[in-house]
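Both complexes shown next keep chain A, but they swap its partner, so chain B is in the first and chain C is in the second.
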Partner chain A sequence: MSTQPRLAIEGLQIRIGGRHVVDLAHLHVDPGEILGLAGESGSGKSLTAQAVLGLTRTIGAAVDGSIVFEGIELMGLDEAAMRAIRGRRIAMIFQSPISSLNPVFRVGDVFVRALRLHGAPSKAEAVERARAALREVVLSPELLDRYPSQLSGGQAQRVSIAMALALRSEVLLADEPTSALDVTVQAEILDLLRSLRDETGMSVLFISHDLAVIAELCDRVAVMQRGRIVEEGIARNVLTTPSEGYTRELVASVPRIGGAVAG
Partner chain B sequence: MNVQPLPETVAASGSGLAGRLRSNRLVVFGLSVSLVIVLAGIFAPLLVPYPEDAGGAAHARETLIAPSSQHWFGTDQLGRDVFSRVVYGARVSPLIAFLVLLIACVVGVPLGLAAGYFGGLIDEVIMRITDIFLAFPALLLALALASVLPPTIGSTTIAIAVTWWPWYTRLIRGQAASVAGRPFVEGARASGVSHARILFRHVLPNSLTPLIVQVSLDVSAVILTVSALSFLGLGAQDPTPEWGLMVNQGQQFFPGQWWLVTFPGMAILITAVAFNLMGDGLRDVFDPKMVRRRGVLGG
Partner chain C sequence: MSPLLRVRDLEVRFGDVRAVDGVDLDIPDGPFGLGLVGESGSGKTTVGRAVVRLTPLAAGSVALDGEDVTKARGATLKAYRRAVQIVFQDPDGTLDPRMRVGAVLTEGLLANDIVPKSEAPGRVTELLADVGLDAEHAGRLPHQLSGGQRQRVAIARALAVQPRLLVLDEPTSALDVTVQAKVLRLIAHLRDDRRLAYLLISHNLAVVEALCERTAVLYLGRVVEEGPTAELLSRPAHPYTVALRAAVPEIGSWEPRRAVTVPGEPPDPASPPPGCPFHPRCPLATDRCRTERPALTTVEDGRQAACHRADEVLSGAMA
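Now for the complex of A and B:
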């Protein structure tokens, strides 16, 4: 790529209790690109995403290396500057969409607070933007009056995506955003992510252990094992003709309907 | 199409709280009696026949009169109307209880929030200090403090509050720690919310339910402690119409002049039971499992 990557991670090392859990030589996401990050549980995918937002310190992890976002070195950035980037320029969505919304607030309260926190000039303006964002993710603006427990999983995940959209985030860190949803809802969310990327040029770091989903959605894929990237490349190529042993195992471990499960 | 308003659900959950409250008669009883006690305290001057007897008045020729139509609860050793003093007493113990619980919450809750949310060293330091306070039996510690402080209502309040806050720190810490691990806290962090705001806007509201129940149950415990301290001569002093003090002063006349001990004693009992029932009821209201069990048992 001739353009500068939107997010570039170099030599990222994360240690928890003296143990190396992530040792990432290089990973980058280009503008408007959807990068898949695959790997089994505990391979360090989520930790990598948390490290980008500087959220690993609260769990007692030691982080080293360099994370550059649009020319800004995020490592060692002070808390106030980091807060201005979190949610606003780099947004994150999570595996369990309902429980990642505070149950005691209405969706609209959370939404409007987030917009106000990141610079909406007035409450009325924030409400208007929130309503518009919900329409963009094909949800009724009436959902703003609901509590998270009154949403379905798919609706809640759309709400989370709508927040990133309303703030015009440049990067979306999606940590297993569809693995708690049923297959049809999952397909809707994937379509939504793809069309948002096409319309806004948002970059997406899509973390999943589901190779089929990654093959369908992502432009490139990086496969992680025990904190290291073992293979990286164009998503379809990597997943149809894996060159590395671990990736082959991962691909082979996906059960196929009608075919023998390869082992 | 995938969006349908749910007015029934909203309406049902709205009336559910009031409905559950109404269905539980003991709670309604506890709540009403508590309310009557509070109102009696507020409007005491309008309710009692001899307001001056609540203070330092003395009527040498009317001492130790048995209950009659003139003095419903009789008079004490200084000729003061016991009924007036018992009603005025509703201004003392419940007020102290309110202040004690307020101080205990103001001190205990933020410490518990910080300990549970941040964990690590902050948690260790706060909880070990809490443990030191909890290592002493509460009444004993309050007694020790009250005995070194001047015997006033303010000292009583402080002495009891010092023994009370660690319980709230412990209670809130456990809640805060479990709430801090829930995904919406990480979500809030990831959308740029500050620690302070997360603590008070996200963790606190989700940790409050057990605190509300505990506080309402504790009202009666504090009232009993206040009375115990006064009874031992370490709290309110004459002529304050404090119930425990009145029981203390009346005990030397007990076999003959039973009304000096009985009426303030009853006031303590009724107040403690009423607030306790209210707290129990709140716990049932907030705990759906308890309500269901009650429903099965009660038909």
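Now for the complex of A and C:
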């Protein structure tokens, strides 16, 4: 049985002000797979995720190529059709979870509105789904009454993940979702993402500069440098025996407990 | 003989919140690194700022070479601040965007009479070389440099006044990983070359391990464990250190994660729990832990921990 990739990117080109910032030949995510997209600042990894959701046009970028999600070509899709996918079938979470929630609305207002927009038949039903989703990410449903500023970073990131869960998103684009969190909280969020994938079959594109986090979480990894993928494969193979010089340098740069800084 | 820096019973309050609540630290003459680790809100940055007298102390003392500087003012304070320099996480917030690199470094040299004006340009070139930058970088503005280069300038500026101690507050956290590795190598090099002593504040245990002989673990404004870094990380005495260590992701640990992660997040320092402040998250907590706060005591030669069950933790009760 051959499985179609859930998300397939072919020949993606992104130019900003005449500069070629992304030139991505091929990248795909299978159903239920966690793909790591690794790279340093400016490598184009976040832009790639934004292109999937059609967000790059808001920054005046020129985008070419093909992005197919479940048989639907997303490039050139009209805004109404895109809206039915963005935030619902393909959800996104960000590095700074508190600032990605509107500060003047209670968590519950944002949550219920998103569920209503994407098909919850009534407000009562939406509230019920929101409460259930919070329980699934091990948060108290009482958090629905709070404002984003009253949440810790870890709680806010869980709320964002719960929203994707309640909307039954098929793809989660996670852009450095644990980079601003403490390590103990990060470990919990990684556990949560893993168990959600196992339970729901959600696909995750996990963007991170942290190769150790990618090693812990991801099935496959693609390493980006200056807009191109320089190496791609099973995370364990790529990170233990990298074949490209750039990947080797990245892996060697990760500080490790038990290893010393070379002089 | 007194250590280079001695901090005793350091207390910092923000309103009713005790951000730092009775911290002792000793740093001997260099080359030596003391690591200060902990999560957001643990008070580690506040300790660093209090040490350089940027944040007022509510109680406690700071002494350099046995000389109390807690209430130093005027020329004494100026001399202390020359001897103890600080490097922040974000160089962008501390470099004047309109000042060229050469002027940034010259200012410190002349204000502290390190060299006569005629020798300043030569010294600027030396300082830039020390941190791995070229003489031509002196003519650049901060925005014409990369993040790593800006952090090197911030380090050069701290070194310009020939400090005896550096407070390094997350010096590489804002940098890309390949750049971070280079700045860490630079710190290791300067440490040996200049016999530097430093307090390295970091959330990254691997960074601290690479650069620090000893490490203090901070939780809710208090030191909960202190000892030689390698021993503290390989055989922790406090359950919080165990949890911190276990939560660090690693390349090469392909087995499923060990299940010693602690649930939840640190409590609100405005209303700390009774007893041991770590007990709500601690898998080993007993009734005693819920009522009686453990003091920081010697658990082994050269090692201290604030835990009623430290002996059991040392013998692997959390493994």
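Observations on the structure shown:
One rule holds for everything that comes next: the second predicted complex is superposed on the first by the 259 of 263 C-alpha atoms of A that agree within 3 Å, B and C clash if a C-alpha of one lies under 4 Å from a C-alpha of the other, contacts with A are read in each partner's own complex, and residues count from 1 in each chain.
The working rule: a contact is a pair of C-beta atoms (placed from the backbone, for glycine too) under 8 Å apart; a residue touches a chain by one contact, two chains touch by 3 or more.
Just so you know, these numbers come straight off a predicted model, no measurement behind them.
With both complexes brought onto chain A, simultaneous placement of chain B and chain C is permitted, the two fitting side by side without a clash.
Applying the stated contact rule after C-alpha superposition, one finds that A:L53 touches chain B and leaves chain C untouched. In the superposition on chain A, contact of A:V213 is made with chain C only, not with chain B. Within the superposed three-chain model, A:Q13 lies out of touch with both chain B and chain C [touch as defined at top]. Look at A:S253: by the touch rule set out above, it reaches chain C but stays clear of chain B. The superposed model places chain B and chain C at 80 degrees from each other around the C-alpha centre of chain A, with the value given to the nearest 10.
When both complexes are overlaid on chain A, the residue A:R88 reaches chain B alone and has no touch with chain C. With both structures placed on the common chain, the touch criterion links A:T200 to neither chain B nor chain C. Overlay on chain A (Cα): least separation between chain B and chain C is 5 Å. Across the superposed pair, chain B and chain C both touch chain A at residues 152, 154-155. Chain B meets chain A in the complex at residues 2-3, 5-6, 9-10, 118, 120, 182-184, 186-194, 202, 205-206. The touching residues of chain C, counted against chain A in their complex, run 39-40, 147, 176-178, 180-181, 184-185, 188-189, 203-207, 209-211, 233-234, 243-254, 257, 261-263, 265. Residue ranges of chain A in contact with chain C, taken from their complex: 40-41, 152-155, 182-188, 190-191, 209-213, 215-216, 236, 239-240, 249-263. On chain A, the positions that touch chain B within their shared complex are 53, 55, 58, 60, 79, 83-88, 91-92, 94-96, 99-104, 114, 117-118, 139-140, 142-143, 146, 150, 152, 154-155, 160, 163, 173.
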